[in-house]
């Protein structure tokens, strides 16, 4: 089994190695986990579907902290979480798995986050009721599918950088997440940056880079 | 010049004849206006670019009430306007021509309307400051380009039917209006219906049908 | 289980809470139904596939009036239905589930409706034979997939507002419903408004808003 | 100037040489006409914009029968036209140039045709009033842009083969003709075949092949 | 079960009733067959997947002549087949089911046809070796997926009308058949008309209309 | 002239008012500048084409610091620039206008930046030669069109957050910038966030929010 | 079973017959293998999924050298492999099946190749560390999904022709491989040519043609 | 004027510096030419429209060998051309500019080539008549727009590698060249590789890399 990981990534870019499990075979996944264990490395696995997790050799699976809702697994156990000031806002119940992927990725990197779900703009008061709390975040990850109106509304309310994560939640013209993605990119509110559809991991990773920026300053 | 108008449309569908001037030649447009004058009919012309208007024979042009901002012309003069309770909300300054096309179409059909421009969600307070006024409309035509977040926010705030008019305002992924269109169709707020991109005329026509529905009742 | 419903929606927008079940997990759905029951609220569930319904806890399932053809469930039992004057026209047999979703949504809101199926324009006489009945509706919901020609033909025949619901029925260029959607938006007949593909619920909700508009008047 | 025409096309496929002028330079066009004149051949030129025609050398232009509305030119003069039983139906005034391109192509091949314009389905009576005449055509070329509902309605009414020519007339989702094209391909009425957007020439050429099929029989 | 068939279609358009089974439920399909049997009508069913056929009530299934390769079923038994002069050319082995759907549709209408498979242009000699036979057809249905080059090559070789049926055979940019479809529409060879992707039925129906055209003449 | 600016935006979101001039008329632009002058506000204008600038009333134009390469104008004069540690990398000469828009936006907000142009990956040494300088930036704005490979390469080399600005530079499949946009979103390098095509302004605004985040810390 | 293979392909184009198994039925596949065995021909089968292989008659399966990772089967046994100087570079672990399809195709044609996996540009050092080895290849097949940045980076480093194989690895905007495909086509590095998504076979076939070109010279 | 050329490209990749002029300003272009002259370098400029050429300072323009048909300019004068065995085949007259761009690029690199225009497959005999000549080329660049059938037909006839250059010639579904591009990628004939739409330069550059491969061997 050929495995050629980028173990020095953390030193070079500040981000630990993480594996997108989507198109990898069971032997490939098992070999990657084993290689990390052999080196005593921590590892984050994303897009690990329950069936793929269950197909792993028991010894490998046992070494992982697996969460089926976010489809993520962590090798290396929990670490101390620093307060980050990051708020994760999700428009609907169906967006929760992506929001949770972002939260688990932040935790893997050592940062806590506050999640606020079900603040879609169709019930604007749910968002406005918590406006002070939301305005207090240092950094916001906004997660929404369908028409993605949440991104613009939130960005118009706060000082913090807003990272938009469009999701594939929806049907018809919203199927696949393209509408939410384009809405995020075309937002009339300045200061929004965007990651790929359903990419909670990518949003969290970008957030980590921004947080470390503040640490370098201090 | 072959002209075969649908002069009985008003009797059959309640909507007077209107002409989309976009792909018609100057002789075609002139013949249509003349045919309407010969029959003593009123006529609405949409998408009549200034250059196309100026190319018309002077006698034809003189018979028209032309408005360059909305690119509309009316044959037959103003009529008495009834209060309709229709509010036209536009997200940005660039959406004004489409909002104005809707307003001129309503006036052609005998209805007044209230326009509120520059209520894009990036500055949510502009919308919320006028929330009572907006909630008082019987019917709302919402006009927005770019990411079209206005549609969902408005529809979540009011009892009235909301007709969404996506516009082609924007660039990059918003170019052409497809993003705003899809956002309107995928809106998380129930009760929104949608017309074609930049189709202020169509929105107003649908509004007229809804208003006449209430008249039939009373 | 985090559930943050918008229970005040009816008071604010005139539309009771409804749940799109498409991307929600069984625990999420069960918790939502339970929350509604705890509050004594009525609830409409759409896109609830038979398998998802069968996966619900028996006590939850027993509380629901489930209809597999339209994939809808209602919590709270039937209510008195007022005559609405709404006609639901569907082009083909395959469009029936979406037409039925619209009808069940209207019933949930307290309105009856008349359904006329199999009036696709390939057999135009089927539509023309019932032209008087169709012209008598106060409001029409037209449901069609494939090329969506029904929308323009119906809208050219009647005074009533026409809400077009494109469906995903078809194959090749019609797959997914995009062709019918664009045909509805580009209709040469004025006064058509459009909702998302397969969105019978959205069409019915918009219809309810229009119907209540007439009630406010009276 | 390199010119390598397919002068034997008529003998092989029954269709005389025709030139799509769209992307050809003035010297290329002039050389092609000259080559045809040198061989005493007839030639049809399509998509010859007025500016491109005016740029031709006067001697070349003088040899052509140019029609600016259909943007076609014919070298070789008129020939006797046989009655073909072909009807060309166009939905709107803006579709006339494409319908005329089809008619001029049929005439180039020696066939007359009857044109009926402005029979779009929004005013269905315009079509139904002439139903007997339309049912009497042996072959129908239907020309429509926007949502292209004409194709299905006509095909459901007649015995004749229907060749659909979608046009680029329209804006928003109809821009470029893709919606009309897909509507033609997805038609719920059997027996419709389709050519490229704005391709009146192609429809007429296919019609000629079908007509010659009947001549071979007789 | 509501069933509203178009039993007079044959009288009006020359094409017997046929049913697209793609999105219809088992009860719907069974009811349609029963309605046809009650009236003593013949019926063609297309896109009837083996699983859908097997789900039919045994008495219904027994009345049908089902062919799994083309996914078609015929109610009413075989009829005498007239020689039609139609040739069906398919580019590859994978295109055979669509070619067979066309052939079965022709047979349902009473016409025989000659099938020539595996004449894709990558091995041009396979096509050129049978050039005389191909040139002898009165009408050609060409079936091809992937890049659809067959359409242009065949149309450049013959006098007969060519009906192109693009298929969904292929992967990557060819997935779904859109590339073959566009290649057919954009063909540099005049006289090609096109039907929807995988629509062997539609091609055959159009062919029947053309063949009957010749019968009307004679 | 109706002008309803969001003058409190800076207080609420930390970003001064800026105007996208793309679809605004000359009277609209002039009125906006005048309104800002009346209030003594600074103002940034983006996408102000030279022709649009020249069409402004002389008194208005004279008040602006206009830069034709980046198509930006500033009202309110230069302010003191703080060192920001922001590096702006552009792949090619043609990307310079977008890079410059970002730089001018940063300057409008009071931050200096270092620009490094012509570091496209086709000549990887140009990038690697300056690797130390690039690794020293606190924040990177990467600007690239065509295939957008620069985003992934840069993000793999540095600790800093990378904001990707795809540009519309290119032709064929790259026309319009969609390929570069998708490449940025699909980057295999974690930590990249993305803004709309050609949106140098948006990237700079997001950068300002991130920089102010560090200031809040300190 | 109709089978009409192109057995003379090798003589005409230098490429032995190969079969794309994607849309072929089990009887078709079995008949093709049998036909090749009857003629004593070698045969390459691509896109032969494990389930399709297992469905083959045992005698047929036993005659094949099947590799499940690349989904390829070879009839005719191994042949001597010449050193080709071809390097196959793959960006990630998930791209391995496509890279292996290319390698197996080269082996089928008698050429060895060197594979280097996991050289995606997010960890650029993995590529640069082996720069000398990569620069030594006579011909490079580069395999990458997601954003496809590998193509441009490699092509900027070497003298050899680079054949890009985009893969369908990725999600969101990268789903299906279109982003990697467009990135390859729009590459800023000259000298890259491209094959269809996931088409390792096509890249290897093109490589064989180039290699034979050199043999013809020598 | 910042200019940062990749003057060492030839040493590294075997391809001299070339400039895509499409989005560059006149000052940028003039500075690039001047920089090349200062270093005594040869330079190829592509996509240099006549208006852009005429806008160059006279001294700069005078130093260039400009060809308006192919929109290319060469700095450094003609060099000795080696026989390459490359054949450039173009389907139609309108494809000539792209074919010529390829030929001029080959000449810039020191290779002659044979051009054969007007060999589109609609008149297959034009291609077959020259089959021996075509089969004798060592390397083929095939140029075609519209449906791009030429690519598959040629690749099925020859031993040589075929580089496909789709062009933007066509209208309707062929507009922009996407249909020809997809046809090339989906070709049923093995051994075709593809470059971007209208990219005659890229095809020639790839050809040069392949030709030099043979030189390295010899």
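A, B, C, D, E, F, G and H are the chain letters, set down in written order, and residue numbers restart from 1 in every chain.
Note that in this section a contact is a pair of C-beta atoms (placed from the backbone, for glycine too) under 8 Å apart; a residue touches a chain by one contact, two chains touch by 3 or more.
The structure displayed is predicted, hence computed values, not measured ones.
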Equivalent interface to A-B, taken from G-H, F-H or E-H so that over half of the residue contact pairs match: E-H
Chain located farthest away, centre of chain B as origin (C-alpha): G
Where chain D and chain H are represented by their mean Cα positions, the distance between them in whole Å: 35
Distance from chain G to chain C - Cα centre to Cα centre, in angstrom: 49
Where chain A touches two or more other chains, by residue: 12, 122-123, 155-157, 170, 172-174, 178, 181, 185-186, 189-190, 196-197
Pairwise chain contacts, counting only pairs that touch as defined: A-B, A-C, A-F, A-G, B-C, B-D, B-F, C-D, C-E, D-E, D-H, E-G, E-H, F-G, F-H, G-H
Touching residues on chain F, where the partner in the complex is chain G: 91-92, 120-124, 146-149, 151-153, 155-157, 170, 172-174, 178-190
Complex contacts: residues of chain A adjacent to chain F: 12-15, 18, 138-139, 155-163, 181, 185-186, 189-197, 201-203, 205-206, 208-210, 212-214, 216-218
List of chain D residues in touch with chain H within their complex: 2-6, 8-9, 12, 20, 22-25, 28, 32, 47, 168, 176-178, 181, 196-199
Chain H partner contacts - residues on chain F that touch it in the complex: 69, 93-94, 96, 117-119, 122-123, 125-126, 169-175
